[in-house]
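What follows is a structure written as structure tokens; I'll ask about it next.
Every chain is named by a letter (A, B, C and D) in the order it is written, and numbering of its residues begins at 1.
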Amino acid sequence: MDVGDPLFRTEFAVDVVDLFLAILTAPLLSGWIGTCRAVLSNRTPAGVFQPFWDLLRLFRKEVILPEHTSFLFRAVPFGVFGILSVSALFIPLLNIRPLLGPVADVVVLIGLFSLVRMLMAFGAMDAGTPFGDLGARREMMVGFLAEPATLMILFTVSLWSGSTSLSRIIQSLLSSSDPVHPSLMFALMAYILVFLAENGRLPIDNPATHLELTMIHEAMILEYSGPLLGMMEWSAHLKLFLYLLIGIDFFFPAGLPAELSPPAVILGIFLLIGKLMAAGTALAIVEILFAKLRIFRVPEFTALAYLLASIGFLIHFVLEV
Amino acid sequence: MFLLSILLSPLIGAFVMGFVGHTKAASRLNILFSFLTFGATFLLAWNVFANGPLVGLDEQLFADGFSAIFIVLTGGIGATTSLFSHRYMAIEKSRGHLTGEKQRLYLSLYQVFLLTMLVVLVSNNLGLLWVSLEGATLTTVLLVAWSRTPESVKAAWKYFILCGVGIAQALFGTILLYFASEKTLGPGGTALLWTHLAAVKHTLEPTVIGLAFVFFIVGYGTKVGLVPLHNWLPDAHAEGPAPISAVLSGLLLNVALYAILRIKVLADGSLHNPLTAHLLMGFGLLSVLLGSLSMWKRQDIKRLFAYSSIEHMGLATFAFGLGGPMGSFAGLLHMTAHSLIKSSIFFVVGHIVQTSGSQKIPEIRDVALRTPSLARALLIGGLAVTGIPPFAIFASEFLILSVAVRRAPWSLPLLLLAIIVTFGVLYFRIQEMNGESGRSLSFPNEKPKITFYPIWIHFGLAFLIGLFFTHELGRLYGLALHSIGLTNG
Amino acid sequence: MNPLPQPVSINLFVFFIWIFVGALGYPLLQKRETLLKPLALLLSIGSILLAYSAFLSLLSGTDYRFTVEGGLPGLLFHLHLDPLSSFFLLILGGAGTGVLLFSGGSLHAMSPRKKPGFFLNLSFFMASMEGVFLADDAYLFMIFWEAMALFSTFLVLTDRDRSEVRDAGYLYLLMAHFGSLLIMMGFFFLASREPSGQVQFLESLTFNAMATSTPSTGLSFLIFLLVLLGFGAKAGLIPLHVWLPRAHPAAPTPASALLSGIMLKTALYGIIRLLFGLLGLDHLSATWGIPLLLTGGLMALFGILHALLQSNPKKLLAYSSIENIGILFLGVGLAILYFKSGHPVAGEIALGAVLYHAINHAFFKTLLFLGAGTIIHASRTNDLNAMGGLLRRMPVSGGLVLAGILFASGLPPGNGFVSEWLLLQSTLQAWILSNTLFRSAVLLGAALLVLASALSAMGFVKFFGIGYLGIPRSEEAGKAHEVSFLELTGMGWLAGGCLLLAALPLTLLKGINHVIRSLTGHVFPDTLLSGGWIWIRPISAHGASYSPPLLLALLLAALPLPWVLLRLLRKPSTRTSPAWGCGYSVRTPRMQDTADAFGQPIRHFFPFFFAMKRRIPAPDEKDPLLELSVEDPHWPYLFRPLLRLFVRFSELADRVRTGRISVYLVYSFVTLLFLLSVLRWM
Amino acid sequence: MAPHPHLLANHLVGMLGSALLLSAFANLAMRRLTSLVRIFALQGLLLTASTLAVAILSSETHLLFSALFTFIFKVVLLPTILFRLMNRLHIQGEVESLVNVPSTMVIGLGIVVFSFTLAAPISELASTVSKGLIGVGLASLLLSFLMMITRRKALTQLLGFLGMENALFFSAINATYGMPMVVELGVAFDVLVGTFVFGIFFFQIRETFESLDLKHMDSSSLE
């Protein structure tokens, strides 16, 4: 495709819109989940836009750096935010054939998420506080099984297209006629577990807690303040959003616009919003229902995800080919 | 008379030493005689390789390519050892361990020893061969007992009895051989001459020859140090003075194996079955295994290397048992390599024992700290003797194993086990000796002047052989083996 | 004789430079220590030359055999420069340059007594590795192989006044020798046709002759096993790996970098050369790929799990090398499996990934080892628990190490990721296999692979987080300062190499294509190579793709963007204050996490990978002390019993020695009678 | 075919061989050192006689020299030396045996049977007058070997050693009419030197251990 092509221009425009949409929608999703939680637990919700106000407030504040930190501490928020934004380029929001899609497949994507995790761990450890270390260690502990589980899930899904390219996977899932696949059921179960673990939701981590000894994600960003903290928070919203997006793309792809005609896109947007809200509500329900796990049970939780994904992977080979 | 000339120098040397051996210059004179011998042996070998086998003294003496290799080796190592022993004895003397009388005894016996070995190598008459081998035994018995300590007397006695009995068996073998050959060659002079025997070996009576070979291998095998006939060897090596350990290991064992090989050729011609090969392989393997396994418990450095000699002679024996052009070639190469390296190791060990005042490994410490060059030499010796390339033993072990793969794959697990065990144990000990000291040094302030020429000459040669064993030299080896028929089978 | 092709003559030239400089450097350094820097520079120039010529010959697919006078009668020294050797020479030259440059700066701290010997061994070690890649007959190969083992042992033994160093060197040498013997056996069985004469016999030991041999299936399997175990001993194949985590940390830094980064690759070279080159694909069987694949996967997991428990940074890296070697084994198994089940494309991808991972590992692991060396030197301890806060004090080298960490963790856009990505793509082709067993094995391999690589990220977070970040845990660590320029240059060279490998993999994949063609006769599918330097599309034009340069560009563009925006909108004011301590103002370095704490969840979750001894104090104890020791389970369950067995055997053998002459006479007597009866009645 | 006139001599040789074997047994049984030396002298005499007999039978003249040498060496010289040694060293009395005499004798019997069976096929090949005597020689050799194993004094070992040598000599004479002269002289010389070496040893052992008991010669430690 060459640059002057009108189709190219359209796609480019849609991609850019996708990106900014993702970045801007992400805090909204968190807001929605928070609202749901509040409603479900009989509290007065702060409103869907509350995360935005929080971010705005943070960006206005000054930066307080802990003593003894190196340049890495300051660089991490930018890195995290930048990497997640780039990842957003590869994940189809509306356009299932993003222009830059071929640059990275699902493996690269998961790799980028791991990179984010690693950078955050570095940022946390750089301050040299007990909490930062503790958070980093716990985060890595969650990650070492969640990451392979994610990969296995994606592999299972990718087996449908024989390719790990996201667009290819979605296309072949869209065109698939079978309504139910056992392997995908396993993958979905595993995905839900991984999703909870990776995004620091209950029962793994309580995003709302500030009790030092139980924190994971919050412990890692404890020393950040002002705009730096804002970026970390925003990144967290973005990550949650992207993860959810991947799940929707893979397990509920129906309604994604197969081509970029205005009606299809408009329908797609509404469907997507519906799906996101449904998923957010579901997440809120899960968080209300479950209590936080003991930290040592976490690897068991993620190992369960890993095993479920691997079983799905094997089932596909044994039963479905 | 090339053949006689190589005997002349040690003979005269022995007499001269008998008269003037106690004087100060005698040790240098000994070097002179030894080098003269070496020169003569070298010329002889040159002549043999250039013009073919030599026969002399009414056919009683004889040298072909095969013996020429051993003759040069004997002459050469005899010469370098005399160089080493000069310095070794000088140190002994400076410590008051050496009287003029003892020196005279030592030097004259040294020459006699060289003489007897050369006679073994040039004698065409198998009876004469026996006689001179027995002579070599007697000489070395006296040399082993030379220091007159209770331990050395014990060792010498053990050596004397075991080898005496062993060599008596060989005499019985000789008688049986004579008995068999006499029917073809007629009674009298020629029936024990190897050249004649080789010509008629196919007609010799197999029953008798088989029996004779058993007696030979038990007899001469005792001298080679084949397990389970080896028990004299560690003691004799450990208790004799270091130069004697060096020539025992480097030369005498070779010469005994040389005798067995001469007989093997005859027996193979007559037997038409692989008896000799099986015997050699069996003894060889047993020696390799027991030699290596016994090394772990050794606390005495010379004994340690004596067991290594058993292992290596076993390996060479095994190689000749494998036979064929490559097997025999590998065996001969192994003997050459082992002679060079093991004698040099004994030089090193001799000096180490002198500098640390003990033969016991737990008491030898700090070699690396005290005399770094000795530690280096010991390390290189250890590398060379365990078959690390490119030293010659690597080349021969490489070939032996490659032949064993083709001819006796069943033996490989045992061989490999033995090789790795030897390697492991030797390094463990070497490292131990370089380790921290547990006790104060015996001679803390004395820095004996050590000569490294013989040591580096040997190691250098072994190195060159392993790296550049030229086609020309290989051809000589091949011819030597082929001419006496060791390449068959 | 025709003039030698240019790459060959450069190779020989470099070999002689190394030998010559090494031999000459010894006496020179004894006289004047200051000569070290120029001499090391000379070595590195050789190394650069080597990398350059190897790169050229790899891309042009040079294949040239020649002989040199020497060797055994009838067996001259055979040498051969083909794409496979070129590739590994590139690893040697490329990664070697960084290490040699570094050593020019770092060796000044070594004691003057050890310097000349170290230098000699270093240069000879390099030369012997080069020889290994060039040798074309069994004899020469073994010479270089053993020389390599030997000089590397000497390098390990540099600090031999410490007993653990001596033990490590000893263990290493023993294992290496064991491996060499097996390799030798592999060669001999490959050449085991009974030829007629001496000359033919020895000629069968050239690689050329071995490549034409046709061993039976049983024999092929034996050769396969021998090759695997023989080279495995050098590569750290479980359970022959026990030397590795001891020897690599014991060596001085440049040496451990070379050992871990480059020497381990010689084993990979040997395996590929013998299995694919000499034994040939025709004599392999797809089934053999399975044990290789699964062993590799388990090894990767085992290695990284142990790495996570180490508090010595070099030990951590050594175990991580075991992990990477496991990945390489896995890839080789995968390649065999695919090739032999008739799917060459997936096989090529696997083999290509293995080769690519080999060079990646060489670059990032040397870099990390050098980094580990710098922090060990700076903080005067080899315990991570006494480090910390070093990034502030050593920003440049720390930054380079950080880059190395990112490259090594198998995360995009690093170079390690490229190869792991390729390998995963290959495992994902499992659906083309028709055999369910094969499929399941491949998938299991994939599962292990991703698990191991996720864990490796955790391991590196531990290494960097505890070592470089936080506040210094000891006084020495607080006084650390940046390393010298030459050291930085060396590390920079390696980091640059990693970056190139990460950004432009296609260039090298073209060279790897030559390697695979010369080994298997197959070539990469067109789509892989048609992507210019931008796209990697391993399987098909519409399948998975990855563009390292574009991703890198995007990331580089995205990272500073928020920063710029932030600056443009409103420059936030910044101030420094103490970190949060629950309201308490006391904050000591000991309040930070320890290296052991990082391993705790791993111990908890994978107990069967470790031999652990734990003693929990009773509640009423006066001085309660929690004791915990973690050991490689191969020691208590395999090697110590073996050692005991050996001692038992040698005691048994020693029973022969009674010391009594009569008994000895009985031996002779019985031997004689026995032989006579055998002769008479059998 | 053995020539008829030589039948008597032939019988004589056989007789002498049997006597040698008997003396070897006697060696095993004897307890007194002096008797052992006497038996050795007796063996020498038997050897001389059998050498003479074979010389007459085969009309080999050099065997006459051998007989003379044997007589001088083994009947006169060596026993004298041994007796003088014993006097000088004050060795007398009982010889200790490691295995008791009856057991030794039983083993010896087994050895004789073994040797004869072993030598049977060879004896059939013998063209000499004295065929069948190889078995006797072998048996005597092994019996002397046995004696060396079972006795523990240094001097008895020497006597066993010399006994072996006698057996060898006997075999050589009877199987082959004797070895070539050079060899025989050499062997004789070696034996003589060997005896001297023994002698030197005796003094050294006495000096160092104050006893000739061989248990001192066993290594005390197992090193």
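What to note about this one:
The rule is simple: a contact is a pair of C-beta atoms (placed from the backbone, for glycine too) under 8 Å apart; a residue touches a chain by one contact, two chains touch by 3 or more.
None of these values were measured; they are calculated from a predicted model.
Note on interfaces C-D and B-D: more C-beta pairs are in contact across B-D. In whole angstrom, the spacing between the mean C-alpha positions of chain C and chain D is 70. Averaged Cα coordinates give chain B a centre that lies 31 Å from the centre of chain D. Centre to centre, using the average C-alpha position, chain A and chain B are separated by 78 Å.
Between chain A and chain D the centroid-to-centroid distance comes to 102 Å (mean Cα coordinates, whole Å).
Under the contact definition stated at the top, not a single residue of chain A touches 2 or more other chains. For chain C, the set of residues touching two or more other chains reads 654, 657, 661, 665, 668, 672, 676. The set of chain D residues touching two or more other chains comprises 118, 145, 148, 217-219. Contacting chain pairs in the structure are A-C, B-C, B-D, C-D. Chain contact summary for the complex, chain B toward chain D: residues 60, 125, 127-128, 130-132, 134-135, 138, 141-142, 145, 148, 150, 153-154, 156-158, 160-161, 164-165, 168, 171-172, 174-176, 178-179, 182-183, 187-189, 191-192, 205, 207-208, 211, 235, 298-300, 303.
In the complex of the two chains, the chain C residues touching chain D come out as 654, 657-662, 665-666, 668-669, 672-673, 676-677, 680.
Interface residues of chain C facing chain A in the complex, by the touch rule stated above, are 388-389, 391-392, 395, 398, 402, 406, 409-412, 417, 421, 424-425, 428, 430-431, 436, 439-440, 443, 446-447, 450-451, 453-455, 457-458, 460-462, 464-466, 468-471, 535, 539-540, 542-547, 550-551, 554-555, 558-563, 566, 570, 572-582, 587, 589, 591-593, 597-598, 601, 604-605.
On the side of chain C, the complex with chain B involves touching residues 69-74, 138-139, 142-143, 146-147, 150, 160, 163, 166, 169-170, 173-174, 177-178, 181-182, 184-185, 187-189, 191-194, 197-198, 201-202, 205, 646-647, 649-654, 656-657, 661, 664-665, 667-668, 671-672, 675-676, 679.
Taken together, the chain D residues at the contact with chain C in this complex read 98, 114, 117-118, 142, 145-146, 148-150, 152, 214, 217-222.
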